[in-house]
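Shared between the two complexes below is subunit A, which has subunit B as its partner in the first and subunit C in the second.
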Partner chain A sequence: MNTVVLTISKQPELYLETENITPDVFAGKSAEEIAALNVYEGNLTHTLGEYFTVAGGAGDTAADTRIEVKGDLTRVKWIGAKMTTGEVVIEGDSDMYTGAFMEGGKLLAKGNVGHFAGLGMKGGDLHVTGNAGNYLGAAYRGDWRGMMSGVLRVDGNAGSDIGTFMRGGEIIVGGDVDVHVGTHQEGGKIVVKGNGKSKIGGQMVKGDIYIFGSIDVMMPGFAYRENVDLEVDGVKATFEHYIGDLGERHGKSKGETIYGHLYKKL
Partner chain B sequence: MAEYIVKNGFVVDPVTGVNCEKMDVAVKNGKIVDASEAKKAKVIDASGCVVMAGGVDLHSHSAGPKVNVGRNIRPEDKLTGKVAAKGVKRMEAGFSVPTTSKSGYVLSRMGYGFAMEAAMPPLYARHTHEEMRDIPIVDMGALPVFGNNWFVMEYLKNNEIENTASYIAWLLRVTKGYGIKNVNPGGTEAWGWGMNCLTPDDPVPYFDVTPKQIIKGLIEANEYLRLPHCMHLHSNSLGEPGNYETTIASLKCAEGIKANNDFGREQVLHHTHLQFHSYGGESYASKSFESKSKEVMDYVNSAPNISFDMGQVTLDETTTMTADGPFEYHLSHMNHLKWANTDVELETAAGVVPFIYSPKTFIAVAQWAIGLELALYAKNMEKVNLTTDAPNAGPIHRYPRVIKWLMSEKARNDLLDSAKYGDKVRDRCYIGEIDRELTLMEIAQMTRSGSASCLGLSHMFGSLKPGMEGDVVVYPYNPETDTDDPEKIEYAFGNAKYFLKGGDLIIDDGEIISNGNKRTFWVNSKTEMTEQVERDVSERFKRYYTVSQNNYEVKESHYVPNPYVIEVESA
Partner chain C sequence: MTKLVTDVVCPFCGTLCDDLEVVLSDDGKKIVDVNNACAIGAMKFLHSQAEDRLTRPRMRQEDGSWKEASYDEAIEYTAQMLAKAKKPLMYGWSSTNCEAQGVGSEVGELVGAQMDNTATVCHGSTLIAVQDVGVPGCTLGEVKNRADVVVFWGCNPAHAHPRHMSRYSIFPRGFFTAKGHRGRTVVVVDPRPTDTASIANLHLQVEQGRDYELLSALRVAIRGNPLPDVVAGIPKETIIEVAEKMKNARFGVIFFGMGVTHSLSKNHNIDIAIQVTRDLNEYTKFAIMPMRGHYNVTGSGQVWGWQFGYPFCVDLSRGIARYNPGESSSNDLLVRGEVDAVFVLGSDPGAHFPFNSVKKMNDLPCVVVDPHITPSTVVADLHVPVAFVGVEVGGCAYRMDNVPIETHKVVDAPDGMLTDEEFLEGVLKRVKELKGV
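Showing the complex of A and B:
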């Protein structure tokens, strides 16, 4: 596997949109060719080389390409967006849309990521060692097709509106989350190891949410069923099982009504 | 203004009967001239390409409040279709409801020089004109909607054609409108009471008038005013299985009425997106739903004073939007996606719903088949117009794909073979029996000469004869050597190599190099307001409208900075 190392050398005045930092785009390119790729600051088009030093070279294929992005990336958006294979490692904090619409490959963010990380994710493995902002693994604004597949793991805390319109895949948050978890969820699994606040599973029709810590305010559309013993993300424990959201339309499968499931660790 | 001569192309022009002949077309002072008159012309090399007059789209939606609601409720529509600004060209965005800039650029790339915004709520005419003003290059007009208008319904209840006509003339003048649009006559108003009008004989609640009276009355008022365009109808029961009988009954309202105008227009009724109105059966299930395109076309082919456009389903994800509020409500309950409905006081209403015509379903492919059948069964191609009712049945940039399906039986069969329910569609529709392939000449009739004459603009658009507007398009398609692959048709009609609009070079070798000097067409009918109408308008504004009459009129200086006014005197 060949590695390309990007180190930020100049901070943009506005924010930098770098949809081109993916193994798919870098594959088969030399350091010079990578430096000549377009990035956008406001409505102006610049080259990657104006803001980053580029070392190393990409592999022949995207699967054979690893990208390391280093430095203060708090003004850099869209790193690893739409990647389908290969590896990206971010050493530092990055801004919005990190790994958005990702379809495959591995993205490791060693630090915090901004809002909309893993937005509309379709596959792959996104791991954030720090905190994530709002709309983690959510659907794009207005869309009814949220995260479809893949694993999105955040070791720290996450903001509000995570997993909106989620249809598949897994979101695991090590710490606490803010309001609105799995709104309109239609599948997939959300695990929160820390505390939740309010509006968890609002309008969800299918899928699972596990909360290890406390829930400040329970949605009124959820009904308690029973206590169950489960193993969730390597932790064995007893959970209170709720179904919901009862205010929504629910489909049927083999005569059984399908509900969303909310599990609260005892 | 520069002179141009387009050399050596295969010229296709139904009006002069030139069919793929190699000849030169010259443009001088914004108009087509005889090639011998262009002495200092810049040469455009069109060898190996098709040359046509600028296209004319008589029914699409690109400006106005419902288009904007579509943009507002669908931010995700902007995820695809972004093109960065380049040179003079502004940024483009959006897929099914593009930005104003993109609308103009997409139409230009397809070689269209004129587009009609097919539904303008009079109360929101200012907004519609502001958006039209911002759409570059393409000349436009807008049709105010009248079919659910309180004034119109009350006059027509008493068969007062003169008052109806007088009101229409006033409204066209104050809204800078072009002609009469009539959507779900009576039904949209009925929807305000939770009802609908499903046939032409269902009375409108609280108004005691029937859709048939509205259709007939508006046709008569249109001919009374001698307007350039005929009455533009979207009949009742759009999209409902079994609706073809309602459609034929609505078309029959035009029987015995003769066109009366100075624009060479023969038809008195244009039925829009006929595809949505040619269904048999009782439900959308494949064992019930069937095509009735042949039955509808048997009637249309026998009626010389009717024209229609296809409303071709393109099997895309799109955004439906229509002044037919009840239809949008039903649609939202079919796909459970987001939905917006609006009522426009006294005048009309509208609804917006995102929709996916999935090729994996029976019904979407059947709708696709029915649209094509209508065009392929037509005898007179001047009376058939190519549209997708954009964006209702498909985004506007799919016109080239529709042309491909019309010109190639192979392309149609490939689609049916790859569709999951292709055989079922062959079974329930007529598409499998049709081997007709339209010629370039027939496509030019459907997109140019026919549409221009239906709009009463055949003296300006739709042909390359001397004296016409200098709208010339060069498509990279060689009719002698490129006939092997239908994809070449689709590419060519979506990527004009050169495009002259009003004598200006807009597209040079595939690149947009100018934003043109677009005009807004409107019709100034000289008919005076009758005393009755004058009193009614003033009284209604005081009593019911939320705006005053002063805040209603569209002032030319700001809203229509570059007008083209067609002056009309009634008989």
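Showing the complex of A and C:
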């Protein structure tokens, strides 16, 4: 696997949009060609080379390309967006849309990411070692198909609205989350190892939510069923099992109504 | 003898009352009195008659004092500021007509602006929810003529839309509502005992920030599923009673306002309220409507809807229309430092935005187009006073139920004053020259 190392050399006055920083775009390009790719600041188009030093070179294919992005990236949006394969490693904090609409490959963010990380994710492996903002793995505005597949892991805390309209895949948050977890969820699995707040599983149709810590206020549409012993993300424990949201529509399979499942660790 | 102008449309709130009468002086040049309007609407007409009103643009000097400028100078300054900016914010667009909004959109497109209207701090969350789950709506005429169950959720029309209750929602006698308010069941959901709540049949004093739970509980009750004993401070018996009242309505409507759009859960409150409405349509006819504030904020959503495909928070910086409230919303743009110039027309962000945003407006080049001296003009580098739309110039406006209504000119603007549209036409012409198109 060939590695391209990008180091930010100049901070933008506003913010940079760098959806070109993906293995898919870099594949088969030399350092010079990569430096000539476009980045955007407001209504101006610049080259990547104006803001980053580029070292190394890409592999022949995207799958054979690894990108390391270094420096203060807190004003850089869209790193690794729409990537389908290969690897991206972000050394530091990045801004909005990190790994948004990602379809495959591996993205490791060693730091915090801004809002909308993993937005509308379709596949791949997104791992954030720091905190994430709001709308982690949520659907893009107006889309009823949120995260479809893949694994989105955040070691720290996440904001509100995680996994909105989620239909598949897995979101694991190591720390605490803000309000609205799995709103409109229709599949997939959300694990929160810290505390939740309220509005968890509202309008949920299908899928699973696991909360290890506290829940401030339970949604009224969740009914307690029983205690169950489960192993969730390597942790064996007893969970209270709730079904819901009883205010929402639910389909049937083999004569049984399919509900969303909320598990709260005892 | 004084003259009476009838069928005047009120350019104040989204109710857009169209039955005002304006009394003019003998020469037809001064407004003497306004009949039928609420106190706020009447003041809007009478304010335009103020003797000390600004009639020419004024430019901020080095020492912070103002200096009068010509409209040509104002157009030049505005065009230069917008054309030079990497990412200008063009905000407001709610207290003006659709014609001006159309010209403003053209300017925005040319300079790659961030176009945002007052929905961003108002019913923007409604627009997000509508995009997520759709909306079963109706017109205010239908409410007047059909509604027998009216729910006001997180809104207080007695103060914010003073004539709404008498013209449409509670008191009027309509075709199928001959008993007026005696034939209507009024439910108010509000954490506070408001004046609207005082005339309701039922007031649910919901816990602050728990509207989402209460709406969810209504859905559970409508489906006949079991509920906890108390949800959001409301006993389950009351929730079931309200759900039954709604199910048994002949025609019901939910009106909602800032109490749900900008409290905890925001767009999710509206999303689930829309789904309550949808659930009720299994049993009867139910509709839901936002209580839009500025008289033509609905119109700016309409204009941008047909121009760009999005009703607010439109990002034109990359030559195509993009949209994502949370990123392209005015306050996020200002607080995060994403914009480098601010243009305001038809709104007063200085009064309504958080202090951090207003501070940014103060630091950045800022043009405010407004007939009044406002908190926004205090932080502006250029203040352009214009004619009052709906008083001194007509134009199209959209009522809160998306019905377009043509506003009328009642009197002339002071000599030599431009309208919003004329000023924007001037800016557009100059921006075209600067951009070479």
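Everything below uses one rule, namely that the second predicted complex is superposed on the first by the 266 of 266 C-alpha atoms of A that agree within 3 Å, B and C clash if a C-alpha of one lies under 4 Å from a C-alpha of the other, contacts with A are read in each partner's own complex, and residues count from 1 in each chain.
Everything below uses one rule, namely that a residue touches a chain if its C-beta (ideal position, glycine included) is under 8 Å from a C-beta of that chain, and two chains touch if they have at least 3 such contacts.
Quick caveat, the model's predicted, so the values are computed rather than measured.
Participant: Would you mind checking whether subunit B and subunit C clash or fit side by side on subunit A after the superposition?
Facilitator: clash
Participant: After the superposition on A, what does A:Asn43 contact: first (subunit B), second (subunit C), both or neither?
Facilitator: Touch partners of A:Asn43: subunit B and subunit C.
Participant: Touching A:Tyr15, do we find subunit B (first), subunit C (second), both, or neither?
Facilitator: After superposition on chain A, A:Tyr15 lies in contact with subunit C alone.
Participant: Regarding the shared-chain residue A:Gly247, is it in contact with subunit B (first), subunit C (second), both, or neither?
Facilitator: second
Participant: By the touch definition at the top of the document, which applies to A:Glu103: first (subunit B), second (subunit C), both, or neither?
Facilitator: A:Glu103 sits against neither subunit B nor subunit C.
Participant: See if subunit A has more residues touched by subunit B or by subunit C, and give me that chain.
Facilitator: C
Participant: Answer with first, second, both or neither: which of subunit B and subunit C does A:Asn134 touch in the superposed model?
Facilitator: In the superposition, A:Asn134 touches subunit C alone.
Participant: Between subunit B (first) and subunit C (second), which, if any, makes contact with A:Glu33: first, second, both or neither?
Facilitator: neither
Participant: So, does A:Ala223 touch the first partner subunit B, the second partner subunit C, both, or neither?
Facilitator: After superposing on A, A:Ala223 lies in contact with subunit C but is clear of subunit B.
Participant: Which residues of subunit A are in contact with subunit B in one complex and with subunit C in the other?
Facilitator: 43, 140-142, 144
Participant: Could you please specify the touching residues of subunit A with respect to subunit C in the complex?
Facilitator: 13-15, 17, 40-44, 96, 115-116, 134-135, 140-142, 144, 165, 179-180, 183-184, 198-199, 202-203, 217-221, 223, 245-248
Participant: So in the complex, which bits of subunit B are touching subunit A?
Facilitator: Those in contact with subunit A are residues 73-77, 79, 84-85, 91, 336-338.
Participant: So in the complex, which bits of subunit C are touching subunit A?
Facilitator: It comes out as residues 85-87, 111-112, 128, 131-132, 210, 212-213, 216-220, 222-223, 225-228, 231, 264-265, 268, 271-272, 275, 317-319, 323-327, 336-340.
Participant: Could you please specify the touching residues of subunit A with respect to subunit B in the complex?
Facilitator: Per the stated touch rule, the residues are 43, 45, 139-144, 249.
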